[in-house]
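Below are structures written as structure tokens.
You will see two complexes here that share chain A, one where it goes with chain B and one where it goes with chain C.
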Partner chain A sequence: MAEDVKKPEELIQIDYGPPKRSWMDPTVKFERGSYNYAAVKDNQEYLSLPFPRKWQPYEDDWQLPDGWEEIIFKGFKERLEKYRSLRIFMDICVRCGACADKCHFFIGSGDPKNMPVLRAELLRSVYRNDFTTAGKVLGKFAGGRKLTVGVLKEWFYYFYQCTECRRCSVFCPYGIDTAEITMMARELMNLIGISIEWIGTPVANCFRTGNHLGIQPHGFKDSIDFAVDELEELTGVRVEAPINKKGAEILFVAPSADYFASPHYYTLLGYLQLFHEIGLDYTWSSYASEGGNFGLFHSAEMMKRLNSKIYMEAKRLGVKWIIGGECGHMWRVVHQYMDTLNGPADFLEEPVSPFTGTRFENTRATKMVHISEFTADLIHHNKLKLDPSRNDHWRVTYHDSCNPVRAMGLLEEPRYVINSVCNNFHEMPENTIREQTFCCGSGAGLGTDENFEMRMRGGLPRANAVQYVHDKHDVNILLCMCAIDKATLPPLLEYWVPGVEVGGVHEMVGNALIMKGQHDRPTDLRGTPYEQDGKEGDDNV
Partner chain B sequence: MTLQELLTKNRERVVEKWRQGIIDTYPVDGRGFLRQQDDRFANPIGYVVREETDRLFGCLVNDTDPEATRSSLDKLIRIRAVQDFLPSEAVSFVLLLKPIIRELLAEEIETHALHDELQTTEDAIDGMQLMALDCYTLCRDRISEIKVNDARRSTAKLIERLNARLAEGSTGNSCNNADKDNDR
Partner chain C sequence: MNLFFSLVVIAVLIALPWLLVGAAGLDYLFGVIVPYVALAVFVVGLIMRVLQWARLPVPFRTPTTCGQQKSLPWIKPSRLENPHSTLGVIGRMLLEVLFFRSLFRNTRSELRDSSRLTYFADKWLWAGGLAFHWAFLIVVARHFRFFLEPVPWCVSVMEGLDSFFQVGLPIIYLTDVIIIAALTYLFFRRIINPRLRYISLAADYFPLLLLLGIAVSGVWMRYFDKTDIVGIKELTMGLVTLSPVVPEGISALFFVHLFLVSALLIYFPFSKLVHAGGVFFSPTRNLANNNRVKRHINPWDYPVKVHTYEEYEDEFRDVMKAAEMPLEKE
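Moving on, here comes the complex of A and B:
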């Protein structure tokens, strides 16, 4: 028919939309910038993990072991029997969609398989197919899916696009912990030798030398000594930083990035100043020289292995209790899993501040106090001499790091500290902070160079809120309390909001803290000179 | 009636269709959210598409300062440059405007014989498309720079310390000093 013939304009029209497919059909393309490299064979062997081999996600053949489907089936069955929560999470979701638009990866990419509900369905569909009567009989019609190589590849792609931040869980009316679904999916993949490099290597390093870069004890000591020297130059005060001191009252554990990376390092200087100034009887440990527990991103077993190092060291050194530094996932492990994994820590005492007498009852089980709780208590009892004007060159906002805020409810203490040491603090919009905080987009082992574009997508909602306070209040620093944040927010902001720096809460404490015997301190901890009138030059910001 | 007047009169219709076309470059199941969620913090992509398409259209119709055009394009492309798009897919949304204008306003263009003006507008859209390519390239260059900075930052203090050690060794006038340091 003549009227059916398309006009030239119509013929050249291109459909810009992606093809329409059912979510049930696995379709993953490993595009550069959106996936992580596979775990290194040597490290897999070092950790005695099954099926170590050289492979990469972008290769067609993942060299899966014979009978891999059966291995996963058995692993799934075992976990369903072991963790009642997993079975509940598999059964209970009514697909109401409350979580659907809460994931930063979905918000920043528009990819529906990053809706937490749909990401969980990738696992749930296999559960239905293999473990429910309806699924076994009706298959696809009951939402069941057979585990195939395509499905496995999809698991890998999307469960390593979840930062286990648990923002979606805040909105779930049934309280499904989507991070635990991701954790289980990763555990299942581990059974057939599938994991990523930026989990395998840090875990192996932590296991071997105590920290994720594999820095050995003498290197660790050297790092702390260097910071002591530098702090003396900056403040005129020579601080003590004991390492492996038996009989100290407190063991202090920080993420290892604090002593070798920037801007973490300035937070380390803040800790050292604070502990010196109050005369804390404490010790660092070259054995428990990493707070960050990369085992959390791997498996319950690995999380247990790494967490136990802190408590074994506390026992060996004979300390009374533990303070933990500005770390993220260390706190989820301590607060939610430690007592079950390695508890009870009954060889330690219930933490009591030696300066204020405050009993940290909330830490009765773990005996581990978050440094912002400790510092907030000191400030509340007027134990510190502070000059917040020394932070006047910073116009501050605060990013609630996912794990301290959502896994342990640390909402007010860091704000109390910041408000005590800074004069210019501006909150980001309500639906982007506190329990609803947006993830940095790089947690749970995803903060790699090869995954850069995906990180930029995942971090868009956070950066977007920073942009708002940058435009409105001229905010020039984003404070946070997590080593992964401090490592990954700087590139995120360089891309989305140039002109905003990243720092730690205790860096601000260090700047504001007036120390006995200090010299003029003409610079802040970053070495940037203050202006004559007490304010800092523009070249810093 | 001039084409400028016609476009101004139909601004909402044209821009809405354009937005729709941009949202349609995302997977089907995510489009409803991108289109409907109004909160700028809950839906930054949707917000940027909504705001910047309107601004860009204003720039096109009113022949505004190219800097304003560049700024709006940058906001849109900064997002698309890190998403699952080929370079051509990331920037070609600009060209979508051409068929939308032709299709929606075909009758009026015919009636008022605005073909010459349409040609001029389409040339301006082509110019905008080239500017979009510049924005895309700058975004990708920026990513390369950031990756380099990121690698430096991750071991910043280690390298600083190493350099300090080397400096100590060279001013100590003795190889033994350096050796001693290295043994520590």
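Moving on, here comes the complex of A and C:
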């Protein structure tokens, strides 16, 4: 965390009044805390991306390649012919303003260009100028703007101030999806070598080592082995966690943070317990050791390049089908893109639970099942021995992650699991959950330290809803099923709502799961001792 | 600035027929030629626009899901908010197009005491928008009285319903009141709300003013000016039967009305008003969420550079061996 961060009381003084100057005059100030650093040259080169160079957004000269306007014009034209979505979204917005205060970045910053409508207008104004008759003839009167360095800097600032969460798209009468517009704008900027470090580095890492964190195969194995050891200490049960095992029935793919970051790690322990307890014949893969896909935040092509590993590895290992772990944008890719990008998965079998016989018909083509679908089915068929009172020290609420909700519809499965393993579950207010859920404010590659202030602003609506249940129901943990959430919600809550922890759904499953041959288990997965008188022990997380 | 520009254009559009029909006697131009040209531009322009959208590929299936997916048999899916079948998609689109489902969700957020965010249901925009669109549809349909002889029974029935309250002389149509009220609301909302004023372009004020001009001139003719309806019907039937005549004695106000309508028709295909057709093509609404059930094909898919397992093992073979991990090649 940066040291010169504003205090919450200061940050929440938000002015929602629009400025005097017309939005059509580009003005961007790169102030500390509200932008991301540029992509690193070496990584750009490793990925064979165009115009790798050393530059930073706060510098006056971005060292743009010669003829950059022409490159963007051509790229824009190409995408208008390849994506009906883009053309439609450029053409039909009526600027009704319904989306304006639906964006967490607008609510948290008051910056009018964070209203989804204006964010889109940044691109649309150039579209009108370059691609419509009215714009070509009438120029500014028709809302057209020429692409200048100033406009480009605005693009960079505001399209890396959108987390592609799709909340605005829920409210738009035409379903205009700013995520789609942001994705296109980022693709255009990529064409002239403009991207951010926190996307470029994970992508390069993932391409090389199989995961965003750049963990090499032996490091991956170490992490999993360490978790197995620790689980034995916690439960007295030695579980197996095979890696790269050929002929296993199921390939399990989780976001890499699950085995390398906290509090993700407790979710990993939960998976390991669950798979052992039911006797799942599965394997991890070091080559496909990343469920997440920062390529989604880069370009369709990069998404495809990274995503290819999952099916290739499933084929190499000869598994029958795939289970995916707790992750948000991973499921946007798996659910809405994977089969189109890298399918057909005709070498796999239609997923059937070996324990309940349930045929996961909703995954007939893609052959990849969400862990909460899998677990909810097990619980529904009474295949697990659960003691929810082992989560009684937690008063939980649940944060719907943007992508599984608005690009899939995963609402009841996690709630069913939570209600089966926890006794104290309280929902946040209805305008902040389910399809109206608020983003953590750090998705789509924006979860960096240098962008800290903007993350706190973007996360304000989420944190504010947590505050509500914290005050009203004494909620002390926010559950979620997304690796970015687990990484970025803890600092967010520490900033706005101290005293609320963040955890995963399968961490709660792990706590509640009664294992055969377990010893006394005096602590939960975090090592927090259970106390007989109901009081919580020392928090030695 | 944007508002001023729109006002000037509207003033010119009103002044042109008003002055030229009376002074220069150009009633054939404004009564026949301009409407024909406008209709042609509207039809051809709109068809071309729709064809342009229709021929564009949809590389990915990306519906915005607003409810529970269809997954396990004992979990109830939300068939309209997250449709998994074509029937569900049709239902979702009907709700969207006929009742503005998404706009109905609208909320207003407020930061209270610099500490608490609250969200209120805010249906005004939904109500205003829906009122305008339905009233406009009915008003347009009522106008078929001028283009068909004999007047079809359904038009008469609609007129009967529309004048349900039997107030005024001539009897006031509800939709006349509603359309002017709704347009006035939509217009003033853009001016009064600072946020909306900030985002509004000339292209946002202009259509509202144009529609208001059309509605007000029409109402004025019917209720106050008491224009020569027989003459007008002669003109409109002449247009329909392709034997145009411009009878004597039609007021300039009628030509203003007709000219504004022509302007709307010409403006329509090249403006944001094409949302009327575009909404049907919106990929976040018109696709079923059956992504994992049925493969969606990207017509322009192309092979990309990937990092194969072999390349990966080649790079990491030594450390994998040392960690006793299985290898393809020793």
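By our rule, the second predicted complex is superposed on the first by the 514 of 541 C-alpha atoms of A that agree within 3 Å, B and C clash if a C-alpha of one lies under 4 Å from a C-alpha of the other, contacts with A are read in each partner's own complex, and residues count from 1 in each chain.
In the analysis below, a residue touches a chain if its C-beta (ideal position, glycine included) is under 8 Å from a C-beta of that chain, and two chains touch if they have at least 3 such contacts.
Owing to the predicted nature of the structure, the values given are computational and were not obtained by experimental measurement.
Participant: Once both complexes are superposed via chain A, do chain B and chain C end up clashing or fitting?
Facilitator: They clash: once the shared chain is superposed, the two partners overlap in space.
Participant: State whether A:Asp101 touches chain B only (first), chain C only (second), both chains, or neither.
Facilitator: Both partners, chain B and chain C.
Participant: Quick one: classify A:Ala407 as touching chain B (first), chain C (second), both or neither.
Facilitator: Touch status of A:Ala407: second partner only.
Participant: Quick check for you: in the superposed arrangement, does A:Gln336 touch first (chain B), second (chain C), both or neither?
Facilitator: second
Participant: Of the two partner chains, chain B (first) and chain C (second), which one does A:Tyr259 touch, if any: first, second, both, or neither?
Facilitator: first
Participant: As a test of reading the superposition: which chain, chain B or chain C, is in touch with more residues of chain A?
Facilitator: C
Participant: Give one of first, second, both or neither to describe whether A:Ser85 is in contact with chain B, with chain C, with both, or with none.
Facilitator: So A:Ser85 only meets chain C here.
Participant: Counting clashing C-alpha atoms after the superposition, which of 116-124, 134-142 or 242-250 on chain C is the one that bumps into chain B?
Facilitator: Stretch clashing with the third chain: 116-124.
Participant: Which parts of chain A are touched by chain B and by chain C alike?
Facilitator: On chain A, the overlap between the chain B and chain C contacts is residues 9, 13, 16-18, 23, 100-101, 107, 112, 115, 118, 218, 222, 429, 431-432, 460-461, 464-465, 468.
Participant: Which part of chain A faces chain C closely enough to touch in the complex?
Facilitator: Going by the criterion above, the answer is residues 9, 12-14, 16-18, 22-23, 48, 81-85, 87-88, 91-98, 100-102, 107, 112, 115, 117-118, 121, 132-134, 141-143, 166, 169-177, 180, 207-210, 216-218, 221-222, 243-246, 286-287, 300-301, 304-305, 308-309, 312-313, 316, 334-337, 339-341, 343-344, 358, 360-366, 368, 373, 376-377, 380, 405-413, 416, 429, 431-432, 434-436, 460-461, 464-465, 468.
Participant: Can you list the chain A residues touching chain B in their complex?
Facilitator: Where chain A meets chain B, its residues are 9, 13, 16-18, 20, 23, 31, 33-34, 100-101, 106-112, 115, 118, 218, 222-223, 226, 259-262, 265, 429, 431-432, 449, 452-453, 456-457, 460-461, 464-465, 468, 487, 490-491, 494-496.
Participant: Sort out for me which residues of chain C touch chain A in the complex.
Facilitator: Residues 1, 5, 49, 52-53, 56-72, 74-78, 81-82, 84, 96, 100, 102-103, 105-109, 111, 114-117, 119, 125, 129, 193-204, 270-272, 274-275, 278-279, 281-285, 289, 291-298, 300-301, 304-309, 312-313, 315-316, 319-320, 322-323, 325-326.
Participant: For the complex, which residues does chain B have touching chain A?
Facilitator: 21, 24-31, 33-34, 37, 39-45, 78-79, 82-84, 89, 92-93, 96, 99, 102, 142-143, 146-147, 149-151, 153-158, 161, 164, 184
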